[in-house]
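In what follows, a single structure is set out as structure tokens and then discussed.
Lettered A, B, C and D in written order, each chain numbered from 1.
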Amino acid sequence: MSVNITIFKIYPIDQPGLASYSTPMIDKRVDNIAAALGDIQSGAVILSSGFGDAGAPVDLLEALINTGAENLTIVSNNAGEGNYGLAALIAAGKVSQIICSYPISAGSVVFQDRYQAGEVALEVVPQGTLSERMRAAGAGIGGFFTPTSAGTELGKSKENREINGVEHVLEYPLKGDVALIRATQADRWGNIVYDKSARNFGPVMAMAATLTIVQVDEIVELGELDPELIITPGIFVDRVFVHND
Amino acid sequence: MTAVLEKIGLTRPQVAWRIAQEIDDGSYVNLGIGSPEMVANYVPADREIVFHSENGILGMGEAPAAGQEDGNLINAGKKPVTLLPGGSYFSHTDSFVMIRGGHIDICVLGAYQVAENGDLANWATLDTSKPPGVGGAMDLAVGAKQIFVMMDHCTKTGKPKLMQNCTYPLTGFGVVRTVFTDLAVIDVTEGGFVAREITAGISFEELQEKTAAPLTLAENWQTLTPPEL
Amino acid sequence: MSVNITIFKIYPIDQPGLASYSTPMIDKRVDNIAAALGDIQSGAVILSSGFGDAGAPVDLLEALINTGAENLTIVSNNAGEGNYGLAALIAAGKVSQIICSYPISAGSVVFQDRYQAGEVALEVVPQGTLSERMRAAGAGIGGFFTPTSAGTELGKSKENREINGVEHVLEYPLKGDVALIRATQADRWGNIVYDKSARNFGPVMAMAATLTIVQVDEIVELGELDPELIITPGIFVDRVFVHND
Amino acid sequence: MTAVLEKIGLTRPQVAWRIAQEIDDGSYVNLGIGSPEMVANYVPADREIVFHSENGILGMGEAPAAGQEDGNLINAGKKPVTLLPGGSYFSHTDSFVMIRGGHIDICVLGAYQVAENGDLANWATLDTSKPPGVGGAMDLAVGAKQIFVMMDHCTKTGKPKLMQNCTYPLTGFGVVRTVFTDLAVIDVTEGGFVAREITAGISFEELQEKTAAPLTLAENWQTLTPPEL
């Protein structure tokens, strides 16, 4: 009976203890690459979109060179070509490990040199398993059984199980600290639209990373993107910015 | 002395209002079927909250005007809704990627019972004469970053719903963060239930009597006094 | 040296042993419901799209009543409402089991009566697990671990495993013999476009069934559907037909 | 007597032509990087074959005219392609749902070796000086309904590539259905390799000499005689 119950007042909605007002209305646009990449830490696992050059975040990868982040693990389908994008980041000595399906494209000379010099470690993952492991990370799946690689060199260190007479291996989620993605259009909510086969790894990497950063050609007004055609809803995206090549 | 007054406690809209104040600007929020849907009506005008509907909508808006209903645009409660600018459609599978993958900031659910360790019972009673139905409750319970429960403090027959241990089948373990009832706002902490706000007209002792687990009163507790709704 | 190697001739491309010509050019259009449903067998597992009425293949389900197929297992989010669609199929005594997440919607009276009479069996599956199990069937995943239902009544008969300190259950694929889907548009290749939240279970059911049948409002010319907006590519679809309510 | 003639055997385009004749109308087909891509050039005009590209295309068309290349529209070999009417784009994940979920009717792959039980070795040699790379080979090997192999009958140094057991690391077990070489069309059966067609100018015995596992000649075998290509 000693409890004071005489405080009668209408709460102002910004009273301490209620929701804070430090966050602005939803606006995921950032001005430039430096603002987009500024807080990426050394040792980060970075999911890098693209299949060959289509959808590859070339500018973002090159800008990473100057951020101070080192000892990076890159998850990507390929290991870079020529001396731009991922190859430039590797050449700058910022990459200590690559997780990919196919690092031996013609032109992946920078990676192959560093690999043979023992400077960059490599984990080769079957291409569908690479995608599916990232989806598992994004979808809250703790692990999944797939027949891909069962019984092969790539499956030999994995847990095996026969299901309906078929040998499977158990694969675990592959989560990123950061996803770097190249797309076509965005809005301030972070909704993303891709172009043709450049879509490839963008959607799955966006959902599999803690921090998702998307470079687009154009940012449009909220409501301009067709809601049926938004491939990556803004819930998976943290930062968008415009940078044309 | 417990003077039982009429109309002590909040109306459902008032509880919904209170929950809406607790949701940060920019949050992605899933509202359970039924009373939790009312929360969307009370979002402060200067916040942008993105409502997710498990059937495949992000950026769900309010009910359409009469005559503007579209049978292909409904919420999880199967009621007609609208889509805000910036909203999007996706498959049911992708919708549950959002839920199960930890992308939903807050989920507001009803409950039969909540235990002091955060256990949630909201999908089945002990009545086996009707078929069970779970919907998305177990997915939301383990997937959403924060679970808010919106429920009456006691059952219609006056029995406590905040428990030491749930007696109904569980939906999730240790998942509830805060319970919003007609009488109080109660946080689930490592030390059990902590009353952060209590409605006018009821004492802490009276609240404890209606609660089947020990309650702690927060040091900086407040009286819960929403606008008329 | 005895082998005759003197047969020199150019193969006509339709020679026996090469590809047969019995199949027409790709044309998945069928004329009517009877042609679409004619070969569905008794005992089939039928995936039925829709969340509530949105996307529900009401006409297909009702047409099934007259096909002779009985003892059906229906996989659907709900168990039918009123006395139309799935409820009508149940009322006609064609359904022996329902696998769903939420059979207790207001109005699911037909199902509830048959359930309580012991005429229809019920497997309740958490909604996200329902979707994910069908995706696993469509994606060649042998099984997956999810925390959903772990430790609950619905998880108690399942294999458990702790992964990263979180209890998971092992879920297996849920494959359909037939998927019945309601959508908006199709073309002769079976590409499918949906409308708003009626998309729901269509995409996952299309990929998870051996035979996928889609009822649409309209069939358009090949090339008219935006290739960025085709949600279910024709590879997952066997038959399309137009039937307006 | 083995009279070694010049130009015995098919050209690569002729092998591609032969494979194209084997693909039923209406099939969904994935073509491996390299020589298998040529198969698309020889589809008979009265068949509609839907080509799948693992990076996220269904209904892939031929190479664009010079100057019409689009860097966002490439095939798995990273070469510019076009999209046919009825074609569609989708994510890489969905593309591998098609592959791993058993939705691709035929996949045509190159190979280092094929064993008489259908084992496939096409992703790694025994040379460890270069990094390994698997791409989508293991997914295709277990996922496609039928695997056709397109390869030279022997290595450049004349060593057999059709084996009793593969000596190179395996991609998949017992998955190859038919091998199309410059010398023959050979089915993998429960009884081992069966030569169904043999190119002009080479005897069955000569073919057997170039094959490191027992060959059976099909009862209704034919001479493999493609058009000039």
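Details
Note that a contact is a pair of C-beta atoms (placed from the backbone, for glycine too) under 8 Å apart; a residue touches a chain by one contact, two chains touch by 3 or more.
All of these numbers come straight from a predicted model, not from anything done at the bench.
The greatest centre-to-centre distance from chain D, using averaged C-alpha positions, is reached by B.
Distance from the chain B centre to the chain C centre is 34 Å, each centre being the mean of its Cα atoms. Centre-to-centre, using mean CA coordinates, chain B is 57 Å away from chain D. Of all residues in chain C, those touching 2 or more other chains are 132, 135, 139-141, 146-147, 194-196, 227-228, listed in ascending order. Residue positions of chain D touching 2 or more other chains: 83, 89-90, 96, 100, 142-143. Interfaces, counted as pairs of touching chains, are A-B, A-C, A-D, B-C, C-D. Residue ranges on chain A touching chain B, taken from their complex, read 1, 3, 5, 7-11, 13, 17-21, 23-26, 135, 137-141, 187-189, 191, 207, 221-223, 225, 227-228, 230, 233-236. Of all residues in chain C, only 51-55, 77, 79, 101-105, 111-112, 115-116, 122, 124-129, 131-132, 134-135, 146-154, 194-204, 231 touch chain B in the complex they form. Every residue of chain A that touches chain C in the complex is listed here, in rising order: 132, 136, 139-147, 161, 163-164, 166, 168, 172, 193-196, 226-229.
Chain D contributes residues 53-57, 70-74, 76, 78, 83, 89-93, 96, 99-100, 124, 129-139, 142-143, 169-173 to its touches with chain A in the complex.
For chain B in complex with chain A, the residues that touch the partner chain are 21-26, 28, 44, 46-48, 50, 52, 58-59, 83, 85-90, 96-98, 100-104, 142-143, 196, 198, 200-205, 217, 220, 222-223, 225-227.
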